[in-house]
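The letters A, B, C, D and E name the chains in turn, as written, and every chain counts its residues from 1.
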Amino acid sequence: MDKITRIVYPLVGIVGLIAVWHFYVVWFNVPMAVLPKPLAVWDAIVKNWPLLLDEGKVTLMESVYGFLLAFAFGVPLAVAISSSRVLNLMFYPLLIATQSLPKVALAPLLLIWLGTGIESKLAIAWLVAFFPIVVDTATGLRGTPAEFLDLATSVRANGWQTFWKIRFPAALPFVISGSKVAITLAVIGAVIGEFIGSNEGLGNLLLVANSQVNTALAFAALFGLAVLGMALYAAVAGVELALKPWFGDMRHG
Amino acid sequence: MVALEQVNYRLEQGSLVALLGPSGCGKTTLLRMVAGMTKASTGKIEIRGREVDGPQDDFGFVFQTPNLLPWRSVLNNVLFPMEIKHRLDRAARARAMELLTLVGLDGFARSRPHELSGGMKQRVALCRALIHQPSLLLMDEPFGALDELTRMEMHDLLLNIRKVTGATVMFVTHSVSEAVYLADDILVFSRRPGRVIDQIKIDMAYPRNHEIRFSREFNDYERRASAGLGVLHGHG
Amino acid sequence: AAQAPALTPVTFSLDFRALGRHAAWYVALDKGYYREAGLNVTIIAGQGTAQAIQALESGIVQFAFSDVAGLVAARANSNATAKMVAVIYQKAPYAVFSWRSGVNVTRPEQLQGLEIGSGAGSFTQKVIEAFMTERGLSRPATYTNVDPSARIGMLAAKRIPAIETFVMSQPGIHRAIGAGETSTFLLADHGLMLYSNGILVREDYLKANPALVRGFIAASLRGWRDTIANPGEAADIVVRLNRGLEREVALEEIAIVNNLVVTPLSRRGGIGVIDADQMQHSVDLILKTTGGARVTAAQVYDASFLPQPPVTP
Amino acid sequence: MDKITRIVYPLVGIVGLIAVWHFYVVWFNVPMAVLPKPLAVWDAIVKNWPLLLDEGKVTLMESVYGFLLAFAFGVPLAVAISSSRVLNLMFYPLLIATQSLPKVALAPLLLIWLGTGIESKLAIAWLVAFFPIVVDTATGLRGTPAEFLDLATSVRANGWQTFWKIRFPAALPFVISGSKVAITLAVIGAVIGEFIGSNEGLGNLLLVANSQVNTALAFAALFGLAVLGMALYAAVAGVELALKPWFGDMRHG
Amino acid sequence: MVALEQVNYRLEQGSLVALLGPSGCGKTTLLRMVAGMTKASTGKIEIRGREVDGPQDDFGFVFQTPNLLPWRSVLNNVLFPMEIKHRLDRAARARAMELLTLVGLDGFARSRPHELSGGMKQRVALCRALIHQPSLLLMDEPFGALDELTRMEMHDLLLNIRKVTGATVMFVTHSVSEAVYLADDILVFSRRPGRVIDQIKIDMAYPRNHEIRFSREFNDYERRASAGLGVLHGHG
């Protein structure tokens, strides 16, 4: 019963949106070059199914690897920042500064440094995704409940032990909550990377379709990206759900 | 020997001393200083003699809240100090199970903390404090968050454990009846800055049971401790 | 201005953001040619030729500066109804740049097997292929997608041997790697015959406002004539109206586009002239490269709105 | 003393970064077209100071208004989502889907709908910034401490009163924490808007400089954006700090 | 009249009844049902008679935690119920200040909750429950989180307030001595499902002071209540 509503209501939402879209195009006579009808997009999806799947796989890989990179760099950086006030003061403002820079503007630089291979795409996905991981992980690491630290002191745990056995596991729910944001950003990063320099992926398909004013195909690519983003988000949310019993009575979920 | 301001107190091996005082008088601070967890910021704390030898390592600490790590099973929580001390061997596991059996939680070794009630959690914390067989057990209002009935059960459990393990116990509380029921000796503290204003030797035989709470003797001890705290003078 | 007759507001979309190459439009605006034609023109930046057509189709602009290739694609893929009413770039601006000390592309044969930095889905790639096929060069070039914003840097850093971009980018490339170090291979100078950018109007608008369209075209062409005659003044105007532009760069760009606009044909037939044969040839070439649905040359242009007598440079 | 370290350390961080950048350019002989020397950027900043200031003002306005819009729409949406399970199930997946779409790809559509005026820029800034506000506000609204709700029941507060006098103020720290993320995103949104169709703003300046391969000026524009982002972030963080006593012993914030 | 399973109890106007029982026996649930805050899921609760007329509105509730709204000043917290009831007038403000004076917090009207200690917060919560002059005051372990000394002070404060306002009080607790010290009547509950297993009338004159805690009479009441709870039978 509950499972059904969990599927039915989102579908109702999507169907409603599509209906609004359809009638908007019909009633306002919107030209196809601007906004195709949902049906035209659907046709494009059906017709280009294998293409979407192939390109989607490429973008998926870039997103996942970019996210993993962001994770692999973001967590240690968060550790450094949260364990040293000096490092925090030195790098936090820089971190915030990088966040307000449009990644599209930095992407050419990365392309020139890293070439047109997968590296530059990963770098951009990484750059986009790692901020929320760093911020949330650092928040979690700094927010270790004082009682747990007291426990560590009482058993004479050294800094290393305190970190690995207390601070880090206690911060895990925060790491995951940052990852939820990071994973959708990683998709965007991968697409930006494809925009700037790539011959494959959904972002590239989007550009190609756009340059030929093939709006139906462009929307099909956008649809693919939306599905990809939701799937990856759902995956991380699933990890979170699976870990919940692990962190039973901790405040942050 | 613990020296706090003008008062000296000789903590006997195997005895249970209750530190009774109003909130904020420095009981927790004193306990943490004994454990070497806090440095004295004002005043000095000296510890010497064989009774409390090397307090930096040879003590178990029970906090006001259970402080169980939610991502570890009950058993692994109990074993946590051994893991830190790199003594996580078969003997340690056996002892952990023994302790859990002693507090009636052997069936919960694989459970997670959030599946336990408050009293059960505090019992796990007690096992954890005892796992490395410390000669000194420091307890900071360990039962303050429990309801009165659970609390009474825990009192008997603690007295039993202390009999079995022979541990020396320093027990912080602000409950007069708790102090009287548990202790060999009560140190009564004044309001900040905590001076020891009374030292009450409780001459009631162990094992005690809750009947004695209604005895004349118990009552007199309670009255003396309360007077020391100044409870009774407010409303002559 | 007191008692000026009411001006008709129209919006004109450029193909890219305003740069030196767009000086002529600003000259027409600044010198009041549009106002004289009864128009209050707003020039807005574009984000590529395809998007300019989208803006036109959606009606947020009435005139767009875009290319024949985009127009044919839009008609084939999205039922667009735009028509070209004046061809400004008589020569296609497609060019291949390389290091003189590197592959140094100066002859068509050198394109064979060359790695060229290009845009995703770029029409230029297809043009280069068609151009090579016409010359019997069988081995195609290879293309790597590099965003325009990164292309010059990639060449400067020698991460790619050659790039294709509009010839108007030459000043930037000269600045990045030195004029003496660069070789510019403009396909149009080596026999490519392809109409490129011009003024686009939607069919229904064309029908409803013929006089207005005529006025707009005439005013614009006057701007172009002035720009060709006096590049220095045009550079001053475009730099004044668009902050962040550098005058020297603008001046160089103006010189380059003038070369695309002024051909023997436009000297005779006037700026913006549309030659039926050349248009037919262009559309054929485009359809050959893109495939797509049947679009005829007659559908994509209408030369009847050009001023008489012609505005000759 | 503490105030000094709070200024000195970030400066040390920035100076360090600049030094790395300088020596990277010098030692690897990086062409100016790829990465200018810090000094060249500094010269560009000094020379174009009034220009940067003017364009910065434009971008600032777009960012602030976009943020305010995101706030004005995001908070009610969060209210709707958090007070109705049905709405939540219907729209949350769509929300996540919009998040994984590259805004750069949607921007042309918005431009066509809203024209080239400030509206389209605000819409993009809004689109980019409102997600964190919605998510955090909804989290806050759903997480009202049960004790507060008990209090509301005990005094017979109706739904409206419970919302305005309990749920909403209790969620404020979350709203602000979402706003901290949103404000830097609003800057990015404004820049994307300028990329797509504008003749002013730092984003436009960046593109103009890029297309003329004036990398020093492009970096000066990037510098302006970084400063803008940090200033706006600091402003929201300041609001957070100012409100802290208001929420004295609340867990979050 | 409150009916819970087989037991009827007549709550006299102006009396203070303590509900004493082990954790989880349903005391909170009962109190919330009296207040109309929770519907009975099993069993039935009936309230009638003039003593507790229209309980849906005419009661004040004090929770185990103070539940003060951190973004409101102390005064505005006290006035919160009046704001909800659209009765935020000058009289309400005057009464709020009167109540704050009564609990000794008139100097803290403009303070924020986080500046107060636990006991002070609970006093503010008490004022808030009394601001609309309810004829029935429902208190759910209100002093459970306070230390014993503060708790004793609060006991006297509550008895004083009750004398001044004449409110009828239902007081949930699991502390035997608290119940005996405060109440006219104690209802002792069994473990789940909470049945009333004893009803003790405390015949000690008000005002009481803490000396009586050590009286024979007090002791006997404590013993009877404890026996009812089953504390004493576990360790005969």
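We adopt the following convention: a contact is a pair of C-beta atoms (placed from the backbone, for glycine too) under 8 Å apart; a residue touches a chain by one contact, two chains touch by 3 or more.
Computed from a prediction, not measured in an experiment: that's the story for all the values here.
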Can you give the shortest number of steps from chain C to chain E, where adjacent chains in the path must touch? 2
Maximum centroid distance from chain B, chain identifier (CA atoms): C
Here the gap between chain A and chain C, centre to centre from mean Cα coordinates and rounded to Å, is 38
Rounded to the nearest Å, the gap separating the Cα centres of chain A and chain D is 17
Would you kindly tell me how far, in whole Å, the mean C-alpha position of chain B lies from that of chain A? 49
Taking each chain's mean CA coordinate, chain B and chain C are separated, in whole Å, by 86
Among the residues of chain A, which are close enough to touch at least two other chains? 34, 105, 108-109, 112, 195, 210
On chain C, where are the residues touching two or more other chains? 51, 54, 58, 149, 153, 157
Contact pairs between chains, per stated definition: A-B, A-C, A-D, B-E, C-D, D-E
List of chain E residues in touch with chain B within their complex: 22-23, 144, 147-150, 152-153, 156, 174-177, 209-211, 213-214, 219-220, 222-223, 226, 229, 231-232, 234-236
In the complex formed with chain D, which residues of chain A make contact? 5-6, 9-10, 12-14, 16-17, 34-35, 86, 89-94, 96-106, 108-109, 112, 132, 181, 184, 187-188, 191-192, 195, 203, 206, 210, 218, 222, 225-230, 232-233, 251
Quick one: in the complex, what on chain C touches chain D? 11, 16-19, 44-47, 51, 54-55, 58, 60, 148-149, 152-153, 156-157, 169, 171-173, 175-177, 242-246, 249
Mind pulling up the chain D residues that touch chain E in the complex? 147-148, 150-157, 161, 165-166, 169-170, 172, 245-250
Quick one: which bits of chain E touch chain D in the complex? Just the residue numbers, please. 35, 37, 56-57, 61, 63, 65, 67, 69-71, 80-81, 83-85, 112-115
